[in-house]
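Below: a set of structures, written as structure tokens.
Both complexes shown next keep subunit A, but they swap its partner, so subunit B is in the first and subunit C is in the second.
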Partner chain A sequence: MTATATRASPAPEENASGPVTGPAKNRIRETLLSRGAMFAYIFILPYVVFFTIFRIVPALYGIVLSFGEYSLAGQLRLSGLENYVRLFQDDVFWNSLRVTAIYAVLAIPLSIVVSLLMAQLCNRTLRGMSIYRSLFFLPVVTSPVLSGIIFVWIFSGAGPISAGLEVFGIELGSWLQSRLLVLPALALVAAWSSFGYNMLILLAGMLAIPSDYYEAAGLDGANAWERFRYVTLPLLKPSLFFVLVLETVKSFQAFDIIYVMTGGGPAHDSYTLTYMIYDQGFGYSEFGYASAVGVVLLVITLILSLIQRRLIGGRES
Partner chain B sequence: MITNSMGTKRPSDAPHAPGGAHPAAMIVRRKQPASVRVRKNLIHIPLIIMGLVTLFPFLAMLSISLRPGEAVSVPDIFINPNVSLAAYVEALSNSRIPRWALNTTIYAVVSVVMVLLFASMAGYAFAKKKFLGREVIFWVFIAMLMIPYQLTIIPQYLIVGQMGGLNTMWGLIVPTIANAQAMFLMRQFIQDIPDELIDAAKIDGAGEFRVYWSIILPQTKPILATLGTFVFLWHWNDFLWPLVSQQSPDNYLLTVGLNSLQSETVSLATLMASAVVTFIPALLVFIFLQRYFVRGVMMSGIK
Partner chain C sequence: MVHRISRRGALGFGAAGATALGLAACGGGDTEVVEAPPEESGDLTGSVVMWIYPLADSASEEWYQPHIESFNKKYPEVEVQVIQQGWGSREEQLTTAISGDNAPDVVYFNPDFVPRFAEEELLVGLDDLRDDWDSFVPSALEEMSYEGTLYSAPILIQASPTFVNQKIMDEIGMEGPTTWDEMRTVGKAAKEAGYYLTEYSGIATLNHNYYMYLWQAGGAVLNDDASAAAFNTPEGLEALEFVKEMVDNGWVPTEPISVEQPFEQSALAQGKTAYSLGTNLNTVRDVLEDEITVLPPMTQEKQVAIGSVGALSIFNTTDSVEAAAAWVHHLTEPEFVEDVCSTYTYFSPRTDVTGLHEEDPPIAEFEQYVDVVNSGILHPQAREIIDTMKPAIQEVLLQGLDPQEALDVMESGVNDLLSRGS
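The block that comes next holds the complex of A and B.
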């Protein structure tokens, strides 16, 4: 406010030209027309243009598409709720909803528990700690395609997991061909890829906890588990919430490793909602139908984030 | 730092610190008794196990790539002494890998420059300028983060298609450069730059553009480095958009190309050798710019 006030002398007649306008209107015009504001518009312009064309318009267009059909000639024909009616009668859709839910239930807790455990282990001064931390971060910078390709071999019948289990007389064969094990395998890969990142976020949260709290707990005779349970966990809630939201979004939008490792198989058992969008859209050119799945995904994401926010907010008050 | 050992008073502590509060106790406590030292070092065991779990896929990839023509069974791929670089020769003689690497480099580097430029410009305006609609525009941007990328990818494909940008480099780059997270972070960071710095430059006669270029940008170097590293790796590893927008194999990026090798009839060793080759640039970026990463992640967690 002071910035514009000090430079409020562009032209004296400009103030005099509008004697009817109130002070509020004057202020608006001043903010709108001051040189700083003009400059600001110029500076956000490239960003706004690109963001509008490639984010806002596609998002709205996607919602419109879900109520219509897109012909290969490039014509959009609105068809009302047809796509949704078809979707809710489609077994493939209900299956992919189930697959997405199971995958999320497996992947989210697995990743959070591993990250929390590793953050606790790394939250100390120890020789070589920085090497460990770098090591754990390596999968984060690895492309999902690359990790997918390696893990295809790791989970294959000839891979180390099968070989290791055979020693104990357990024969599971290839995990990715197994209707039961394909989602756990994908969740393990997701946890392997992301725990280094989540661990760092949790570690930052842990380092922000004042050491007095631990000293006080120690004086009260709390053991390591009690210190973790009653000091670390409650104070880590904001970081944990952040990681939870991150992992939820990620698991509902997982695509790359599924595409590389399973292609939705076997028998649609890893055919998640996002895979369905891709498959219907780019496999069958059913852009309208695929967009309807996208809108369902959007609604689910919104509901989940509302629930999570309510849950955390409710506990804090 | 030594708080762990404070609660537990071992018998071996007693002769060193009879009074407890004696100043000498402070010095003596530095020398931890052997039992505490051993216990402290035990923590290495789970860390090493987890380190091996983390590293195993990479070691397997490397091992398989060095043993072409061997049956890939488990203990064998790590101990078989017949090591050769034949798979790498074969991978690199695939004329497309260098081409894919070039495409990926252009995609990543151009995107980094554009993202940083646009995000810092917009971030500066949102942080330091007053203009009509500032809050509304800003929150519309942030709200768009809630929209799943998968919902927008089909319309994005249709829009870029109508512009004639499918199967071209500019069509690949252009949709990715208005990055909401980057702009948000830039705004957060620029907000902390003191206004006095900007005012002083203005008093010295610096124009608006000059302030941005020689005051704001140098001040934001740390965040630019952090963001740049992230954006580079996002693009280096990007998959879905390059997959749908680039149909001709000559225009593939490394990720899409590597995936396409999976379905071709290359041996597992050659596939893994190609994977190693594509991983090296990302690995180098990570090794040399690691601290920016760590800072970026920790910042995102606290804010």
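The block that comes next holds the complex of A and C.
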């Protein structure tokens, strides 16, 4: 089979790429200042204002805090790079970074593979499919605290997973108390709670693929796997990239499920960077130090997203 | 009237004759203090929000209503709102509220909360709030003081009774243990009968688990001037090895070592645990159907019981410091102390309020052990010290780390923490 279906139509950005000439510049300026554009600015203004106030300003303030000590009484004392020097000498930080990286390596592929499979399953005409899709979305709207409490029991030594495995002579005990199994258990819960949302995005991407490509592939003799591999996957790249970035950010910010299920334990084996930020900030009032960890986390997430964009996303994303 | 006094030596400074209200504040390391309120005042205005926590499972905000009403008879222009928060993440809740400029005016504290918030200069000194502090148990006042200033007014003393599940003890034909060796004997018999000896929570504060065994072994968490760790000693090792022995032998359930459990789901509440090192009897009786027998606190080298002091502090971020002071004064009067302690099975911090549990002999009997209660270390970094030690202890109990190695790791971590300061 030939890899014919690479994209449905040329990406509009390609036509606009290259050096912008004088007349083109004028056209852009006219467009930006047109009456229609003005309306658009007015419509997005509230969002921009709120985004600036509640996202950008706190983020910038967090960066400032990371270079100082902030007391609960509201006094800020700048201390230069002190927090960063302390951070890179802190064993707890390196352990948290390691735990976060392992968790991300487990959770991201697991979540994407599960979401992709479910999207593929839902991408067919079947009686009651809309009900299935709604059911699959339920974990997304389930409170992490509630699902965390249920999963604590599921992964406990007396829970159904351990009991089921014991039938086959496999004794794993409590997953949440095992150094090896605690992160896979948390990754499974993360995949369970997020696949519904990712599935919808991927399903929307799949539904946007013209059926002509599948028909053409079928005429070429492609079987179901080949249609998925050579038609669906390449055309789903933009959606996959979006889901990948989303899951990466979520994995590096994982907190709620971990807080409820393990409290960062056992023995700091599930103590992520976000958990460290929480403890340092809200547990010990070390807001400056917590902000420094937050800035490092931001830089890591940013770098990873850029790498992903370069490797997978491409310009059409 | 507003005046300031020095932080140092403020306790016992006396407020005789000081009846006017006032917030005092002076610079250079001094603290704000309040004076005793007038007995009644229609001129006193303001709004007071108090954060309290469930003093027993059955406790509710409504319970405070009669006390608000009696307070309003004296101070009709003061509005009081009692908000009952959950015990979980108390410090985080407070930190969030304070940093969001939304702190309560009055808050319920246990001793280990005082140093941290006093060090942050967020608390009002209470040395002059009452002129009858000499009617309070001196050690309760001491526990709620930091660097010589009283920052929290005691309303109750908690000494959690040590007890056994009598049904299990009858089944295994033994008496309740009072020493570690007796615990070992009971542990073996209880396990053979399908029960646990006791519980060990690796999630909860160490004040109620490892520290208890450490203190019973004769050890200490920090040295006398709190400048360095003092638990890496034969006593500290003995305590950790004893806990490990209980886990290795299956005398305690392993789940609570790293996973938080609601009390109702604990082995103790389900009647599967023979012995408790100390739990609020009110809470136990609400859930456990079996008969219990109260015992003297556990002894190894020393006899130590689980407990604490419950007290009320005023944040200096309040807009109504005089009203808050009047409210705290009202809640430290004999009437309230008697009501709260008898309702929720605590002991009185006032020496003039006695005989509260005469109709409940097990609790009345345990009052004699209030003197052996150790409520925890009083240090601004108490919570960080606990969080530094907990992972290594969990590693010993669940992953086989050598106890001595764990103590070395903990000592190094705690000393780093102390040298950095709060």
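Throughout what follows, the second predicted complex is superposed on the first by the 257 of 317 C-alpha atoms of A that agree within 3 Å, B and C clash if a C-alpha of one lies under 4 Å from a C-alpha of the other, contacts with A are read in each partner's own complex, and residues count from 1 in each chain.
As a working rule, contacts are C-beta pairs under 8 Å (C-beta built on N, C-alpha and C of every residue); 3 or more make two chains touch, one makes a residue touch a chain.
As the structure is a prediction and not an experimental result, all values here were calculated from the model.
Colleague: With the two structures laid over each other on chain A, which partner does A:F282 touch: subunit B (first), subunit C (second), both, or neither?
Modeller: Both subunit B and subunit C are touched by A:F282.
Colleague: Look at A:R229 in the shared chain and tell me whether it touches subunit B only, subunit C only, both, or neither; answer first, second, both or neither.
Modeller: Neither partner.
Colleague: Quick one: is A:F255 in contact with subunit B, with subunit C, with both, or with neither? Answer first, second, both or neither.
Modeller: first
Colleague: Under the stated touch criterion, which partner chain does A:H268 make contact with: subunit B (first), subunit C (second), both, or neither?
Modeller: In the superposition, A:H268 touches subunit C alone.
Colleague: If you stack the two complexes on chain A, which partner ends up touching A:S71: first (subunit B), second (subunit C), both, or neither?
Modeller: second
Colleague: Please indicate which partner A:L302 is in contact with in the superposed arrangement: first for subunit B, second for subunit C, both, or neither.
Modeller: A:L302 sits against subunit B, while subunit C stays out of touch.
Colleague: Quick one: classify A:R310 as touching subunit B (first), subunit C (second), both or neither.
Modeller: neither
Colleague: Using the touch criterion from the header, give the chain among subunit B and subunit C with more contacted residues in subunit A.
Modeller: Of subunit B and subunit C, B contacts more residues of subunit A.
Colleague: Return the residues of subunit A at which the contacts from subunit B and from subunit C coincide.
Modeller: In subunit A, residues 74, 152, 278, 281-282, 287 are touched by subunit B and also by subunit C.
Colleague: For a test of understanding, state which residues of subunit A touch subunit B in their complex under the given definition.
Modeller: Counting only subunit A, the residues touching subunit B are 1, 3-4, 28, 31-32, 34-37, 39-41, 43-44, 46-48, 50-51, 53-59, 61-63, 65, 70, 74, 118, 121-122, 124-126, 128, 132-139, 141-154, 158-160, 163-164, 192, 196-197, 200-205, 208, 211, 214-215, 218-219, 221-222, 224, 239, 242-243, 252-253, 255-256, 259-260, 274, 277-278, 281-282, 287, 290-291, 294-295, 297-298, 301-302, 305.
Colleague: Once bound in the complex, which stretches of subunit C touch subunit A?
Modeller: Residue list for subunit C touching subunit A: 89, 91-92, 95-96, 98-99, 116-117, 120-122, 202-203, 254-255, 257-260, 381, 383-384, 387, 390-392, 394-395, 398-399, 401, 420.
Colleague: Spell out the residues on subunit A that touch subunit C in their complex, using ranges where they run on.
Modeller: 71-74, 86, 152, 156-157, 173-174, 176-177, 179, 261-263, 265-268, 271, 278-279, 281-285, 287
Colleague: Provide the residue numbers of subunit B that touch subunit A in the complex, in ascending order.
Modeller: Within the complex, subunit B touches subunit A at residues 1, 3-4, 6-7, 40, 43-44, 46-47, 50-51, 53-58, 60-61, 64, 72-75, 118-119, 121-122, 124-126, 129-132, 134, 137, 140-141, 144, 146-159, 162, 174-178, 180, 183, 195, 199, 208-209, 212, 233, 236-237, 239-240, 243-244, 254-256, 258-259, 262, 268, 271-272, 275, 278-279, 282-283, 285-286, 290, 293-294, 297-298, 300-302.
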